[in-house]
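Mind having a look at this structure? Questions to follow.
Just so it is clear, A, B, C, D, E, F, G and H label the chains in written order, and each chain counts residues from 1 on its own.
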Amino acid sequence: MENEIKKLLEDVKNGSISIDDALLRLKAQPFEDIGYAKVDFHRRARQGAAEIIYGESKTPEQIIGIINSMLKNNQKRILITRLSDEKAELIKKDFDLEYFSDAKIGIIGGFPEAENSKKIVIATGGTSDIPVAEEAALTASFLGNDVTRLYDVGVAGLHRLLSHFDEIMNAKVIIAIAGMEGALASVIGGLADCPVIAVPTSVGYGSSFEGLSALLSMLNSCASGVSVVNIDNGFGAGYLANMIVK
Amino acid sequence: MENEIKKLLEDVKNGSISIDDALLRLKAQPFEDIGYAKVDFHRRARQGAAEIIYGESKTPEQIIGIINSMLKNNQKRILITRLSDEKAELIKKDFDLEYFSDAKIGIIGGFPEAENSKKIVIATGGTSDIPVAEEAALTASFLGNDVTRLYDVGVAGLHRLLSHFDEIMNAKVIIAIAGMEGALASVIGGLADCPVIAVPTSVGYGSSFEGLSALLSMLNSCASGVSVVNIDNGFGAGYLANMIVK
Amino acid sequence: MENEIKKLLEDVKNGSISIDDALLRLKAQPFEDIGYAKVDFHRRARQGAAEIIYGESKTPEQIIGIINSMLKNNQKRILITRLSDEKAELIKKDFDLEYFSDAKIGIIGGFPEAENSKKIVIATGGTSDIPVAEEAALTASFLGNDVTRLYDVGVAGLHRLLSHFDEIMNAKVIIAIAGMEGALASVIGGLADCPVIAVPTSVGYGSSFEGLSALLSMLNSCASGVSVVNIDNGFGAGYLANMIVK
Amino acid sequence: MENEIKKLLEDVKNGSISIDDALLRLKAQPFEDIGYAKVDFHRRARQGAAEIIYGESKTPEQIIGIINSMLKNNQKRILITRLSDEKAELIKKDFDLEYFSDAKIGIIGGFPEAENSKKIVIATGGTSDIPVAEEAALTASFLGNDVTRLYDVGVAGLHRLLSHFDEIMNAKVIIAIAGMEGALASVIGGLADCPVIAVPTSVGYGSSFEGLSALLSMLNSCASGVSVVNIDNGFGAGYLANMIVK
Amino acid sequence: MENEIKKLLEDVKNGSISIDDALLRLKAQPFEDIGYAKVDFHRRARQGAAEIIYGESKTPEQIIGIINSMLKNNQKRILITRLSDEKAELIKKDFDLEYFSDAKIGIIGGFPEAENSKKIVIATGGTSDIPVAEEAALTASFLGNDVTRLYDVGVAGLHRLLSHFDEIMNAKVIIAIAGMEGALASVIGGLADCPVIAVPTSVGYGSSFEGLSALLSMLNSCASGVSVVNIDNGFGAGYLANMIVK
Amino acid sequence: MENEIKKLLEDVKNGSISIDDALLRLKAQPFEDIGYAKVDFHRRARQGAAEIIYGESKTPEQIIGIINSMLKNNQKRILITRLSDEKAELIKKDFDLEYFSDAKIGIIGGFPEAENSKKIVIATGGTSDIPVAEEAALTASFLGNDVTRLYDVGVAGLHRLLSHFDEIMNAKVIIAIAGMEGALASVIGGLADCPVIAVPTSVGYGSSFEGLSALLSMLNSCASGVSVVNIDNGFGAGYLANMIVK
Amino acid sequence: MENEIKKLLEDVKNGSISIDDALLRLKAQPFEDIGYAKVDFHRRARQGAAEIIYGESKTPEQIIGIINSMLKNNQKRILITRLSDEKAELIKKDFDLEYFSDAKIGIIGGFPEAENSKKIVIATGGTSDIPVAEEAALTASFLGNDVTRLYDVGVAGLHRLLSHFDEIMNAKVIIAIAGMEGALASVIGGLADCPVIAVPTSVGYGSSFEGLSALLSMLNSCASGVSVVNIDNGFGAGYLANMIVK
Amino acid sequence: MENEIKKLLEDVKNGSISIDDALLRLKAQPFEDIGYAKVDFHRRARQGAAEIIYGESKTPEQIIGIINSMLKNNQKRILITRLSDEKAELIKKDFDLEYFSDAKIGIIGGFPEAENSKKIVIATGGTSDIPVAEEAALTASFLGNDVTRLYDVGVAGLHRLLSHFDEIMNAKVIIAIAGMEGALASVIGGLADCPVIAVPTSVGYGSSFEGLSALLSMLNSCASGVSVVNIDNGFGAGYLANMIVK
């Protein structure tokens, strides 16, 4: 951005742009304003013209509007998270959308070739954490990574986790996903040498308080190298894992 | 108690006690009322004339009064918990008190011979949990048990815990004590075949919220056979362990 | 497990197994990996080839897959908890399932002969706590225990509880189940000589905060010998009661 | 009860009852055990053979069973709280039930003549608090009181409250019902000379946290003479008001 | 107040007061403004010229100023709550103050003759709750009541409470004071026929969360006729008890 | 009001009104009591005979009753907030209602001419906050203001916000609306010279805890000049903005 | 700022500044970096060269360093908030500091002439809220306002508040400061026509939870025109009041 | 570890180790058990024989014991966190300890040469966050990194942060440290392309609730690539940053 400003000032100096135009340019933004949203074209993924839409509380019309704005601006691959089955049905009518119901993720433009060998490991405490894990896994894949899935390896049966000792020791980053007491993050953090991204899930009942128990547990992990994202935030973990690996 | 009532009614019937006396007897209580406390002589420990005083918010004078009432009523061994160094000093002037500063426990009348071989295992996540562990250990010893201590075996270094695999598998009951994320209870619960009493501690900072994190974690343990007592309640765990073993 | 390792090493020494095979064996796990779950065959119940499935957030397909894996591995009796009516209907099509709608429990392979006379007492504060109580009772029965039910004996009408004084005094372990203020655990804990497993329930409204009130109340019980499991965790209480009795 | 015991002992003495029968009688309870409930006949209202059923989490069948048990035991008037429209419809088929949909209250046997002139005042902060207020009002009426209703007199329009200064000053007890910030209790408590029963309601949104805001506000009232019952507990307030007036 | 306004209007009509003076009078207040406080002379106690000062966060100078203003305005008896030993020492230099260190209460002008026989019963769960109980007891005595104290009758030893069955059944109002699990209020509420004022105390540790546990427990009491005041608010309970009795 | 009282007293003096009538008048209220509501005619908006109804938990019948009372009392323009689509449909049958489904706002009597040029700026962090923003915008418009909308300018893409630097610097008051981490308020507060009204929204998931995260964030803003209203309280922000501007 | 950029670009064009210098200028900041702080010279008060230092967790040496940096940069008047007595003593040695111990505020350079007549009213619920009120009052005075103080006018004695009806009706903005139940904000909000800034205080005990009770109460105010700042944030309220008035 | 096991099995096969010795070796642990701690020699840092001690709740004697055990086992460089001034004084008597009072960190064996150019950027919202930042900075330096410090760049003065745009854009990982509303993490996360480790601090008052506000804010960051560690956990952030960079 500094370079752009420098270039702009040089253009002003040598007269190839007027002062008013330069001022305008300084305020121009790399986004398109479509009323209910300011569609951003340089903020996020930046890998192979890929962009991301958070679908949760947007109407299908809004999502379609944003997709159109993106495609028009040359984004070839789009990831939509928190997309309900109903909205996916509607969007499929207009676009070539690949939809993963479990993870509530929709993808336009397909997955890229994975650039690297298996470096991101995604582990879950139980079967019920799989939807969050798949959100993380598909996000990481969409961003060009190869992912290893270790599901249902919770600490109440340590041998299930220890049987995957190799994968854990060879990972570049591990995403540990668990609800209830969330101990998986600490145990993996104690074994592994790489950064561990802990994702608390809302799986559980009673005093799990919708994921609060796992969240606090993970924040207080006695293992070093563990950091935490929001409850059920599989996307955030997958995105961050990609950042760390690259 | 039913037998006592039956005996009483028989006495009424055969005239060996008057109706008014019987009524009075029905209301008589096995405790001494010393104003600020109703000293109870049958409620708790009942092993070898042993009794327990919770010292936390009692004045030294109140504690001394209760001790006197107990001794007068033939309790030969007394355990005082949550006893500060200052109060212990004052009580030592009047009684032959054995004091454990780390555990804040005072004992009159000494420990009994342990009736059983090592069955109660007490494990802590870290060094800082030791005071709570000692409260549990001394309580269990006072009640006639032999105790195995496994300190600083937190889940961030699994090999430290696994090196004590034998003690864990042979225990009749395990007390798992940990602050921070409290994952120790789940991991031990997953390994052991016996009841696990989880004691969350207030060790930690920030989002451990004075033990809340470990408490929630332990309540949501995915391992079966785990139950929980109050934060820092080493006494309760030691007392319950004794109950289960006997 | 130590013995198995020793045997393995001996086999290596005398050449009856190759080094690579031994290494493989060391990493082999007594579970079957069916993708979404690692079905565990030695972790839990171990009484008469019995196994347990937590049905809450699993799909019917996943549950059926796990049942098949279990039956194939010689588990003859299976307990499924948190099983909705709808899922039960679907499973009944494939298996001989006994379903208890109140407790949301399904059982394959029936109940065993109870090994012991009435030792586990299950008490509830009110009528609304019965589903949790039945989850505990059926779990304990499934594990081979005879259970005494004392329902609707809350502390607001002490005479209802006191009329069952005999059962309480003769119990080996008592499960005290209550919502709202959860005082039942303390009152029973004060009367009984055996371990009391307290189960807070989400029964109540307003400041019961989905069971938080009863949970805190039970954790702070002034009666010794009381420990607590998660809100509405009838299964956990029944399972632990079985462990203590045996 | 003491008198009954005395009488019993006299009967034992003069031989008009055997010891075993006396023992049995001592353990006999003034309730009927119908399995899912122990229907209590002396615990509660005791005014004119009136009894109360908390309908919330009972099935229609259970409620009908309890009603039958009560009628059989000579309770002529029955109040059922937290009774949904659906359950009321079902019960109406078997009994002559007067149903108040707003307050979710059903009454069998009608209201008694009010014994006293208008002494209980029930005030609400807003229109939305009326269901809770009606639960209180109908309960108090059922117990034989005349009730004055002051609805929608919240503190944001003080003149609406002050226009009823006379009713407030002449009340024997006031029930102040409000959600949101719950300030009504303090303002009425500052004006009145009589006990004020504060009922926080779950009316509000956002940081009212389902009534927590009003609850805390009322507990911290700077006006003396104010006490608080559970969120939305109109019944409890009406019942207590009757107790205080009588 | 209505009468005063009517009188005022009549005076205006018959010319015995000018319009401006009447207007002034309407706005005149029965309090003295001493800068940091508006000392109120008609708001509270009104029994025998008695007044109350909440001493907590006032400086000794402020308290002395308020006392002087009260005495000057003919208040003969003054109750000061939450008065530390240090402040009491300073105030004693200027006034004839009777100080109760345990309850942190100071009294000027002494106690009145009790107007009624023992009607207010004050019960505590343990010895540690006594300071709060004494605040309640002294407040009630200051307002002219005779008080019965039942200390250390917690539910973990029911016989201690039941031995005072007579006092409980004959009370006009009972103040139930307890920390930890706060079950005392429910048990007493289930036994008694009169209003029960529940006072949670901050006695306890860990998950008692400074009284939150007892507070929630008491708010959710399954016994009818129970209402709650703030944590440790002995004064409020004593004041309200007096209101109900009178 | 003081003037009215003075006038009343003068009327008493000169005999143009009797004492009893004056007394009555003093107690008369500028509201109509329609049973379930006391419809207030001078409390709120007061701009061009406009009035406001909070529709949330009122029945359609109640809302219609209040509208009728208002119209009868000469209120020409009415704003109804939190009005569901269903209720709006019913009300449209009787009245000429303009309904905004997104904002859940209904308006009778239309919008006034805006009195001032663009002074109130309403900014949102994301697309999902728009319903709350529209509630604020329509309220402010209804009260006679011209509003500038800056939607989807969250801090994760600062350039989107900075591109509207002019609007921010020229505002008289800014309403900053955001869920999740609520940082928008601090960033705007740091840029702007005018008061900032922060509105946390319940947009988000997991540890946003229904808006708690944004609420706390905004309350702790390190920027001066920021104050906060309730979660999702767009109406309150719009109303207050109008007050500040005028 | 836009103008400055335009000017800069013009200078570039006409050659009066080099491109590199312009780039440097664009990045130059109106603050001085003194290592532990970046002292800001245009951010805040901007009235008469006045600046503000938040003294809470800064060392005396840091505060002195910041003062020196400010004076050197021509700030003539400085306000220091949250300044302990000890720190004030140290700072007085180097600077001419006016210190207000109650409000923990220190001022260098004195107060300006008040520009307007009494428009800001500051009201407190009790005597204990005065320190927070003085922080607000001194801040507003420092910024050039005349302030009216109404202390100890809590809602439990409405007549004390109503006796100041004139001040309330004539205010341009009111700061309502209260702890405990925080009802003052709603009552004043219901009376006044101007914006009300509510300041919850940590005054209270038990379930006031350090100000949480008052905070929630004020956020849920049923009166329109009320917004809230952080607990005990007198400075923020005084600063915002100045912003609104100007 | 797999290799070690393989080697062990080979040794068993070729008879160079006995079966019993192999079994023993399999259970041998790379830690020294000194009673109150199991000093771990391979778990953590592993860079240049460096080890870390968490000093918080350990006694000076325990810390000294652990240091001795480490030195004896060839650890040449030791980092001690949360070390109070008093403990540091005592330890200095025995060892050559470099102590940083602000960060509460002690170092034995000095800092290594930094292996990389400035890649880790540490930014704080205010001056008060510096102690936490220094804990992070010294930890990262101890692990061989060069650190760039950007202190007091909170979002309320965006220009202070933006003036360091270059450092932010060139970082490999950024540690964003802030209390109060914690918005710094989101703003930096929105600007930067690298992973951001957010550290909430307990700086603030009132509704910051000891760091809860910043914690929730950071967990809900709308910027991707942000993860969170415990409140005030500077060490954890520094340690993780090192892991990511390497």
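Brief remarks on what is shown
Heads up, the rule we're going with is that a residue touches a chain if its C-beta (ideal position, glycine included) is under 8 Å from a C-beta of that chain, and two chains touch if they have at least 3 such contacts.
Everything quoted here is computed from the prediction, not taken from an experiment.
Any chain touching subunit C that also touches subunit D appears here: B, E. Relative to the C-alpha centre of subunit D, the farthest chain centre belongs to H. The mean-CA centres of subunit B and subunit H are about 38 angstrom from one another, to the nearest whole unit.
Distance between subunit D and subunit G, defined via averaged C-alpha coordinates, is recorded as 49 Å.
In subunit A, 2, 43, 156-157, 165, 190, 206-208, 212, 215, 219-220, 224, 230-231 are the positions where the chain touches two or more neighbouring chains simultaneously.
Of all possible chain pairings, those that touch are A-B, A-C, A-F, A-G, A-H, B-C, B-D, B-E, B-H, C-D, C-E, C-H, D-E, D-F, D-G, E-F, E-G, F-G, F-H, G-H.
For subunit B in complex with subunit C, the touching residues are 1-2, 43-44, 46, 52, 165-166, 169, 190, 193-195, 197, 215, 219-220, 224-230, 235-236, 239-240, 243-244. By the touch criterion stated above, subunit A contacts subunit F in their complex at residues 27-31, 35-38, 40, 43, 56-58, 62, 200, 202, 210-212, 215, 230-233. The residues of subunit B lying in touch with subunit D in their complex are 2, 5-6, 9-10, 12-13, 15, 19, 22-23, 26.
Residues of subunit H touching subunit G in their complex: 127-128, 130, 151-153, 156-157, 159-160, 163, 165, 203, 205-208.
The touching residues of subunit D, counted against subunit G in their complex, run 125-126, 154-158, 179-183, 185-187, 189-191, 204, 206-209, 212-214, 216-224.
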